[in-house]
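For reference, chains read A, B, C and D in written order, and residue numbers begin at 1 within each chain.
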Amino acid sequence: MDFFTFLIQTLNSVQYGLLLFLVAAGLTLIFGIMGVINLAHGSFYMIGAYLAYGLAPIVTGMFGGGFITTMLFGLVVSILLGYFLEWAFYSYLYQRDHLQQVLMTYGLILVFEEVRSILVGDDVHGVQMPDWLSGSIQLNDVMTYPTYRVFISGMCLLLAVGMYIVLTRTKLGMMIRAGSVNREMTQSLGINIQFLYRVVFASGVAIAAFAGMVAAPVSSVYPGMGQGILIICFVVVVIGGIGSIKGAFVAALLIGFVDTFGKVFLPQIAGVLVYILMAVILLWKPSGLFKAGS
Amino acid sequence: MKLIKVSLLATNIILALSLGAAQAQNAPKLKVGMMLPYSGTFASLGNAIDNGFQLYVKEQGGKIGGREITYVRVDDESEPSKATDNINKLIKRDNVDVVIGTVHSGVAMAMAKVAKESGTLLIIPNAGADIITGPMCAKNIFRSSFSNSQPGYAMGEVAAKKGLKNAMTITWKYAAGDESVKGFKESFEKGGGKVTKELNLPFPNVEFQALLTEIAAAKPDVVYSFFAGAGAVKFVKDYAAAGLNKTIPLYGAGFLTDGTLDAQGDSAKGMLTSLHYADGLNTKRDNAFRLAYAKEFKLQPDVYAVQGYDAAQMLAIGLNATAGDVSKKDDFAKAVTAATIDSPRGPFKLSKAHNPIQDFYLREVQGKENKSIGIASKALADPGRGCNM
Amino acid sequence: MMTTHNQDIVLRGTNLTRRWGGLVAVNGVNIELLKGQIHAVIGTNGAGKSTLINLLSGEIELSDGRVELLGKDVTNSAQHERARLGLGKSYQRNTIFNELTVFENCRLSAQANYQQPWKFWQDGTSCKLSTEQAMFVIQKTGLEHIMHRPSGVISHGQKRQLEVAMCLATNPQVLLLDEPLAGMGADETDRMLSFLMEIRKDHAILLVEHDMDAIFKVADVITVMVNGSVIAHGTAAEVKENKDVKVAYLGEEA
Amino acid sequence: MKKYPVIFLGCLLLSFAAIPLFGGDYGIDWMTKTIIFGIFALSLELLVGRTGLVCFGQAAFFGIGAYATVIFSTDVAQPLVAFLLPISVLLAALYALFVGALSLRTKGVYFIMVTLAFAQMAYYVIHDTPIGGGTDGIYLYVKPNLPGNISLNSSLNFYLFTVFILFSVLGLLGLITRSRFGRALLGIKLNEQRMKATGYNTYFYKLAAFVISGAIAGLAGFLFAVKDGYVNPELLSWHQSGAVLIMIILGGLGHLRGALIGAFAYNLLEEFFRSEAIFGVFTKHWHLGLGIAIILCVALLPKGLIGLPSLWQNKLVGKTAETPDDNDQVSSSGSGH
């Protein structure tokens, strides 16, 4: 494995890790703060991808296209969706115990899959990359790296830094972190917990949908795509420590590397590596690497 | 108080009665169970087969062997785990006379097992799993398409003849992919070549990026691949996006470019593939078929439409020989194996194991068509190892 | 100081220490429990009383020091092993089986001594040994009248009594009671104290409590803890006079 | 309060007898499948309902039982139940021992996730490596014979055999939940800390329950493999673990018959939503109906279908103190946080 292949595989790992982080970040916040295990979080990733596919023609019709405008449009739609879902469904889940939350959100996955199948059908679709991003960078005579994947990593990193700033520098961020450590205390301090939940949930949905949108041209859009990434994201959340954003970030990158390099060196057991990693970490630190709120 | 218990018992009895009742009368119409992928990555293949089948029935005036057709359609979603349930429902609950299906080899194997046990007539319009015409062969099971190793075998011969030395293969990790690659390896290594590495990824995963990087690093003389449907579209486009089509020729089974060229655009230009059908064969039979298909469905037919069409032909031959009575399996089988199927791909006969013996064309992608530029291998029969009818 | 003759020492903790990172919750405490003696441990909130009792019961691991139960070194044995050797514990917060009846709570606790999990064909509730022990304990704690009611619906005082009854059901040599009087009314407290006095003769009791006059009424020996270490030890009278205690408790200038 | 279980067993026997007479082929097939899932649900009931351990990876033991049956029968001319059944149960129990020993060191949500992870591990081993024959699954060509070589080929024989297995498992679990071991498990579910303080080695008890439940799930896997003669990796997928969890919740936690009622109700629901007669072209989207039904059941029936009679009773007669019926009274909301 010469230097360039190693460089490319590292870039692949970082890109996959960052993508996982976006979906896992929402999951860990929602679980950490609202105490809700949301199995349906993978479906938001799928909804994001289908938004990128579905909105592209509409947006090109109205505003004359532009990849970025479609993304922004999709982001707004997913925030509204998140806001509505929290009000209509998730607010009933807070008092329920984990077992009932697991089952009700499992039912929600089935509903999302079928509504998508009714609206958009079950075929596999490609999503057009914008032209200015569809080339590839020439590393050496043979090796190239698609610029779009660099774009994905860039956008994901941008969002991660944005979240870091919001969480550590703003009042809202402080409320969120307090909520994830001790929900009752935050409530008793007079913080409008209802508003906080809605903001956290809506942004969790939006970030996961964004990840779906930005990844759609690479992963293409197919039925059931949300469920594969859901399991991996749970692994990320649990390894990182529930309710900890830093944990989710470190764990997502860790899994990005283990999975990508696993496929290269040990293709036979690549699928199993991630779970071995999780089992080992959990047995060494039964409640994840970092404390909630970090 | 005991309401829930009594209602549970009641629903049980009603369910049992209704299932029993549905079984009673046996309509004179021929019940055809179409178990094809109407969703997922093979959706376009399922629809093409269905169209081809219906085209032949329409040409016979809506009747086969003197019996009108009613269809019972089931979407198998290319999911092997649901195959047994779906075909059980078709055979035991809907009591179909014949089952047509399917595309995915894993699903087809499960169907063949149930059909072999229940004796129901099964015509497979695509799935090329070798064991269906091997250990699992049966009097009542026929195939109108190919066996997975045939296209691979043909391309292996072509690559060896061109003096290419080392090759890499890439495909989905399931029956069709493995057997196609095995066929290519067998003939390529017999011709003096060497398969350096076999890359694969789980079905229907389309994340080719890591594997394309490996191909770029290893720089083989040629890459052989087996993909179909939407997976084939994405693979060919990613292969071109990685700039590999300029330096390393991409060979494949015909499914890589059949029915997918308009989606692939010019990223498939000049690709060599082998298949038992091609565009521009320019035979009277083929032109008539293409004209009728284009008129009926407003799109160009592909190999899957041909296979659906031939499945209907085989059914007609058998039914005419048994005067429309599906239960006479021996006469049905004798008639179909004896007949020469007048197929748009060219006339062919069935081997002892009920698999077509046919020519494989070498095709090159020119514009939006897979032009035939010669015969890759003549009258290639499926070995049918382990089949004792 | 009371004359301590060795064979009466049922439970001994030497140099018991527990550190949470920088904070030292319990700092080198030595403590001895004698059969037939009520040993009270008092101290302000956060003095380390609960931590001490959890160290003795095995719920929390020791950072340093040794615990000896009936002459056997149990420093490294888990809580359930110490319980089987005769160490019963009751908790500050009610840890009872709310959904089960009062009787079944006691029977299940009594069953701890005759577990025989492999005998799956025998009905647990009709196991003679555990039912007899449960009945004995229920009569001793005067809970017969509510025996068949689910313990979730009985009064708080009764729940505290049930907690102690369940402790007794395993007929331990040593009883670690963590604030059994918490939230009890006046007459309930008296009944509990007279009960403790009665069972004192065949058990060694460690009592962690805040209720000062209750302590001084029943305790034979008192240990006073502040910030994780012992500042005074002795009979009720001695401790009352001890000036360190006064400073710690009443904040009077010496 | 003993009358609910007796009525239930009566109804069960009646419906089992009715199916072969009226059901026809498909009816027998359907009932056999439902009973097999009933046994699978019973195995999880012992863990979730009785010990409060929410295991989200039960499908791994089910799948291992099924795969063991097929793998160990390929090289034998006439496979025997007497050999295959113990092998599949043993292998499932061994994996349960391995998973239990490790995962029982974690608590609450982490336990749910660790069991899910171990199940996914088994899924990928079978999905990707040659042991399981890859994604298309493997085939049992010859169905095993019962001792006294009664063939299981005829669906009626196999149906009766499955009913026999169901009643023996029901009997065994009935004994276990009643025994001292079962009472201790109940104690652990209600308040593990108290059990530790009184002298129970709760880790051992939970591990024993985990292994027994894994073994019974392996038994259900064996039956499933023999029924269709075809096994594939999806048997171990997390959807399967999710489905069986839904069954026991639907039926009502804490009662053995709850698992059976849940399995029946889930399969009836699935059959109902998939029947063309009612939904016609819309049947393709039967998951939608099922998803909504699950959400409604969990939302409206916290105690499951078993809670229905007492729910109506409370509405009609007014709230009575929750007098538990003695042998397995537990409220489902008591599961560990």
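The criterion applied here is as follows: a contact is a pair of C-beta atoms (placed from the backbone, for glycine too) under 8 Å apart; a residue touches a chain by one contact, two chains touch by 3 or more.
Values in this document were obtained by computation on a predicted structure and should not be read as measured data.
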| item | value |
| --- | --- |
| Chain nearest the global centroid, as defined over all protein CA atoms shown | D |
| Interchain centroid distance [CA atoms averaged], subunit B/subunit C, Å | 76 |
| Gap in Å, rounded to a whole number, between the CA centres of subunit D and subunit A | 33 |
| Approximate Å spacing (C-alpha centroids) for the pair subunit C, subunit D | 42 |
| Whole-Å separation of chain centres (CA-atom averages), subunit B against subunit D | 37 |
| Shared-contact residues (touching 2 or more other chains) in subunit B | 39, 202 |
| Junction residues of subunit A - those touching two or more other chains | 117, 271 |
| Shared-contact residues (touching 2 or more other chains) in subunit D | 127-128, 284 |
| Listing of all chain pairs that touch each other, if any do | A-B, A-D, B-D, C-D |
| Subunit D to subunit C touching residues, read off their complex | 172, 175-176, 178-184, 186-187, 190-191, 193-194, 196-202, 205, 208, 321-324, 326-327, 329-331, 334 |
| Touching residues on subunit D, where the partner in the complex is subunit A | 48, 54, 56, 102, 105-110, 112-114, 116-118, 120-121, 124-125, 127-129, 238, 242, 245-246, 249, 284-285, 287-288, 290-295, 298-299, 302, 333, 335, 337 |
| Interfacial residue positions of subunit C with respect to subunit D in the complex | 57, 59, 78-81, 83-84, 88-89, 91, 95-101, 108-109, 111-125, 127, 150, 152-153, 166-167, 169-170 |
| Touching residues on subunit D, where the partner in the complex is subunit B | 7-8, 10-11, 14-15, 18-19, 22-27, 29-30, 127-128, 134-137, 139, 228-230, 232-235, 237, 261, 264-265, 268, 271, 284, 305, 308-309, 312-313 |
| Touching residues (chain side subunit A, partner subunit B) in the complex | 1-2, 4-5, 8-9, 12, 117, 121-126, 134, 136, 142-144, 146, 149, 218-220, 222-223, 260, 263-264, 267, 271 |
